[in-house]
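The two complexes that follow have chain A in common; it is paired with chain B in the first and with chain C in the second.
Now for the complex of A and B:
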C-alpha cells in the first residue's frame, strides 16, 4: 500500500515538472531548476510566475474532479456516475454563466462559486430524485436520466449565453470557459483554490465510511447503523461543493471524474477511505498532463482542456459501458 | 438486559396487510425460529424487530426503549441483522465486509475479526473478490460481518438458504448455543432444522402468528399441517421430537 502512495506522489511530481516544461516553448530541466531557484531573467520569471501557478491550479482542479467523481460513484453506487455526465457540472455551469453575465452588483469572484454551488446542488438533487422516482439506480437508467438532464441544462445555458451577453461581456469568455480550461491564477487565487481543495478533500474524506456502507445496499447500510437519508443529503451537499469549486476554477472538464476513481480503484481497492485520496491524486496527475498537452499541442494557440479530456476519456467511458452492459 | 417486545404490529404495503396485529416478546436469551409459508410476513417481522421499518402501526421496544427512539449506533450495538439477500455494489472482499461490520461497534478489534473469519471458515477466501465467491461463501461472509461485534440480539433472515448441509447444520447449532447466553431470532424455511435445534418456534400465516410454542409441543400438533397445507409426521431422535413433512412416497 505504501508503494502505491509513493508511486502516485512521484507521478504527480513528475507530471508537475513535465507541466512546467511544456508550453509553446519547451523548457529544459536546467531552465526549470534555474527558474525555481529565483533567477530574475524574463524566461525564468515566465516559468515561475506564469506556468507554475497554472500547473498547480491544474493539479487542484484535477484533484477536485477526482474527488467529485469518487463521491458521485459512491453516492450513486454506480461506477459510471460522473458529475459531468449526470448534469451536476452542467448545473454548476448555469450558475456560473449567470454570475458571469448578469450584473447583480456582487463581486464576481464571490458570486461565481456560490451560484455554481447552487446550480450543482440543484442538478444533483434533480438527478437523484428522477433516478429514485424511476427506480433507475442501475447504470443505464441513471445515465439516461443524467444525460437528459445534462442536455436540458446545456440548452438552458446556451440560451442564457445568447440572451444575456452584450458588448460589455464577451461571449467568447464564457464559451472558452464552458469548453473547459484553467485560467492562470495569481498567487492569491491559487492559495484560495488550494484552501478550497483541501477543505473539499477533508469533507469528502468524512463521507468515506458512509459511502462504504451505502455500497452494501440501503438495507445493509441501515442495518449497520447508517441513517441513509440523512447521509445521502449530506453527501450530495459535499459533492455539489466539490463540483462547484472544480467548475469555478476549471470550467467544464469531462471524464476525469469518471476515469480517476476507476484507476484509483485498481490501485487501492474499493474501500472509500483510501479510494477518496487516491482518486484525488490520480485526477491531479491526469489533469496536469492534459493541461500540458492543451498548452503545447497547437502553438501558439491553446486547445481547450475539456476537449483533450473528452477525446481521451470518451473511449475510456465507452469501454467501461460496454463491459458493464455485457456482464 | 435486552428484552425485545412488540404489541399490535401492523404493516400495510399498498392494499396488502403484510402484518396484522402481531404480538411478540423474547429475551434476554433464547433461540427462536420463525417459520411460515411464503408471504406470511416473516421477513417483515424480522425487519421491524431489527428497527429497519419505521412506518408500522403498533409498538416495538428493546430493553424498555421504543425501537424508533434509538440512534443508528445504539441500534446496531444492540441488534445484528442479517438480510435475506445481499448484493454489494462494489467488488469487495469478505475481509473488507467483516471490517466494515466491525467498525460499527466499539468492541470488535483485529482479534475479533480474525476469530470470526476462522469460525465461519472464511480464512482461505478472505481476500477473494465478492464476484468470485459461491453463494454459500457469500452467505458465510455476510453472517461473519454481522457476528463480529457479538451483538446481544441477532436477527437473521434465512441465513442458511444457500449453505450446504454441513454449514447449515453448523449454523443452526451455533445459533442454538448462542441462544443460551443471548437472543437469536432466525427466519427459516427448514421446519426439520427449526424443530430440531430451536427451543421455541413461531409459526406465521397471512400476517398473523398462528402458533408460538416450545418446539417439542409443535411437533405433533395440528398447526403445521393447517398452516403449510401438507401432512407432517413426527420422528423422535435422541429424545427430541422433530416435525418433518410426510413425503407420502411409501404409503
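Now for the complex of A and C:
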C-alpha cells in the first residue's frame, strides 16, 4: 500500500516538473532550476510567474474532479456517475457565459470564477430542491432532475452565447471555456484554490464511511444506523461544492471525474477511506499531464484541455479497462 | 537657495529624459506606459498590423497572427497565433516591447493577463466606427513615438472621406444590405448597425436596410427578401457570390433581378484598418455612379 502512495506522489511531482517544461518552447531542467531560484530574465519569469501557477492550478482542479467523481460514483453506486451529473456543468457554463460576454464593469478575472461557482452550486441546489419537491431524494430522482435541468440550462447558455456575441465579443472565448480552460490564478488565487482543495478533501473524507455503508445497499446502510436520506443530501452538497470549485478554476474538463476514481479503485480497492485521496491524486496527475499536452501540442495554438483529456484519456482508459477485464 | 536652484536645474535637465515615457489609455480603459518608443512590435490580427504599417513602422513588426496577409513585407514574420488561439510562449520568444491586440477570438483573454504579469506592454484597441479606426491609428502612432505621423496619416484619410461626403451631399441614399458571411444553417451574417463596417457603408452613401440594432447577427434569407433592399453587397469572392445567389429562392430578390447584387472586398470592409477608406471611395462610386467626381 505504501508503495502505491509513494508511486502516486512521485508521479504527481514528475507530472508537475513536466508541466513546467512543457510549452511551445520547451524548457530544460537547468532553465527550470534557474527560474525557480528567482532568476529575473524574461524566460525564467515566464516559467515561474506564468507556467508554475497554471500547473499548480491544473493539479488542484484535477484533484477536485477526482474527488467529485469519487463522491458521485459512491453516492449513486453507479460507475458511470461523473461530477457534472447534477446540473453543475450547465449552471457553471451559464455563469461563465455571463461573466465572459456581459460587460458588467467588474474585473473578469474574479467575476468568472465567482459566477461559475455560483452557477454550479446553484444548479445542483436546484436539482436537489426539484427532486425533493417531486417526491423522494433518491438516486434515480436526482439523476432525472439533473438531466432535465441540464437540458434547460444548456439551451439557455446557447441562447446567451448567440445573443451576446458579436464581432468583438467572440464565441470562441466561451466555447473554449466550456472545453476546459484552466485559469492561471495569481499567487493569492492559487492560495485560495489550495485552501479550498484541502477543505473539500477533508469534507469528502468525512463521507467515506457513509459511502462505504451505502455501497452495501440502502436497507443495509439503514440497518447500520445511517440516515440515508440525510446522508445523500449532505453528500450531494459536498460533491456540488467540490465540483463548483473545480469548474470555477478550470472550466469544464471532460472525462477526468469519470476515469480517475476507476483508476484509483484498481490501485487501492473499493473502500472510500483510501479511495477518496487516491482519486484526487490520480485526477491531479491526469489533468497536469493533459494540460502540458494542451499547451505544447499544436504551436502556436493552445488546444482546449477538455479535448485532450477526452481524446487522450478515452483510449488510455479503454486500454486499462481491457487489461483489467482480461486479468 | 543655491541648493534649491541646483535641485530645480537637475529636475529641469532630467525632465526631457522622463518625458520620453508615453502613457496612453486603451479601449479597455487601461493605462499603458511605454518607457521608450517600442522597437519590437507584435501585432495580433491583420487590422493591427495594417495600423502599424500605415504609420510607416512595418519594419518594427516581429510577430503576426496567421491570417495576416498585408502588407506583403510582413507576411513571412514569425506567427504567434491563429485560428485556435494565441501562444504566450511564442509572443515572449519575440522579446516584444509592445503587443497590440483586438478583442476577437480569444486574443484578449489569452494574452492581456500574461503580458501584464511579465511586464510587457499590451495595448487593446476596438473598432466600432470608422472614426475609431482613425483614432486607433493616432493611438498606435503615439504609443510608438511617432505621434505627428499618426496625425498626418489620419488627416489625409479624413480629407478623402470629406471629399466623398461632399460629392454625395444632398443625394438620395439606396437601402443596402451587406452579407459578410454565412453559417451552416443557411442563415446569413450581415453588417450590423454599431459596427465599423456598417458605418463605412453609410459613409459611402448607403442607408442600412436593417437599421434596427439587432440581438442576433444572423438573419434568414427570407428576412433579406422581405426587407427588399435596393442593393445587396456580398463581402467575398465573385465565385462565392454567384454560387450563393444561384440557389433557388433568390430569384424573388428585386436587387438580383435588377442586377444590383455586388461584390465588395473583404479586406476593405472587414479588416478595420486604413484600407477602409479605399473601400468607401469605391463603394460610393458604385452606389452613386452619377455623382460628380
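Assume the second predicted complex is superposed on the first by the 238 of 327 C-alpha atoms of A that agree within 3 Å, B and C clash if a C-alpha of one lies under 4 Å from a C-alpha of the other, contacts with A are read in each partner's own complex, and residues count from 1 in each chain.
Methods note: a residue touches a chain if its C-beta (ideal position, glycine included) is under 8 Å from a C-beta of that chain, and two chains touch if they have at least 3 such contacts.
Keep in mind the model is a prediction, meaning the values are calculated, not measured.
Asker: Once the structures are superposed on A, label A:206 by its partner contacts, choosing first (chain B), second (chain C), both or neither.
Answerer: neither
Asker: Going by the contact rule set out at the top, does A:184 touch chain B (first), chain C (second), both, or neither?
Answerer: In the superposed model, A:184 contacts chain C only, not chain B.
Asker: Once chain A of both complexes is superposed, is A:229 in touch with chain B (first), chain C (second), both, or neither?
Answerer: Neither partner.
Asker: Thinking of the overlay built on chain A, is A:217 touched by chain B (first), by chain C (second), by both, or by neither?
Answerer: After superposition on chain A, A:217 lies in contact with chain B alone.
Asker: Touching A:323, do we find chain B (first), chain C (second), both, or neither?
Answerer: In the superposed model, A:323 contacts neither chain B nor chain C.
Asker: According to the contact criterion defined above, which of chain B and chain C contacts more residues of chain A?
Answerer: C
Asker: According to the stated criteria, A:132 is in contact with first (chain B), second (chain C), both, or neither; which is it?
Answerer: Neither: A:132 stays clear of chain B and chain C.
Asker: Looking at A:299, would you say it contacts chain B, chain C, both, or neither? Reply first, second, both or neither.
Answerer: Second partner only.
Asker: Sort out for me which residues of chain C touch chain A in the complex.
Answerer: Answer in residue numbers: 66, 79-90, 92-93, 95, 102-106, 109-110, 113-114, 117-119, 126-128, 192, 195, 215-218.
Asker: Could you please specify the touching residues of chain A with respect to chain B in the complex?
Answerer: Of all residues in chain A, those touching chain B are 77-78, 209, 212-217, 219-220, 222-227, 265, 269-271.
Asker: Residues of chain A touching chain C in their complex?
Answerer: 23-25, 42-43, 45-46, 49-50, 100, 109, 162-163, 165-170, 172-173, 176, 184, 186, 295, 298-303
Asker: Going by the contact rule at the top, pick out the chain B residues touching chain A in the complex.
Answerer: Its residues touching chain A are 50, 52, 72-73, 75-76, 80-81, 83, 86-92, 96-97, 100-101, 103-104, 146.
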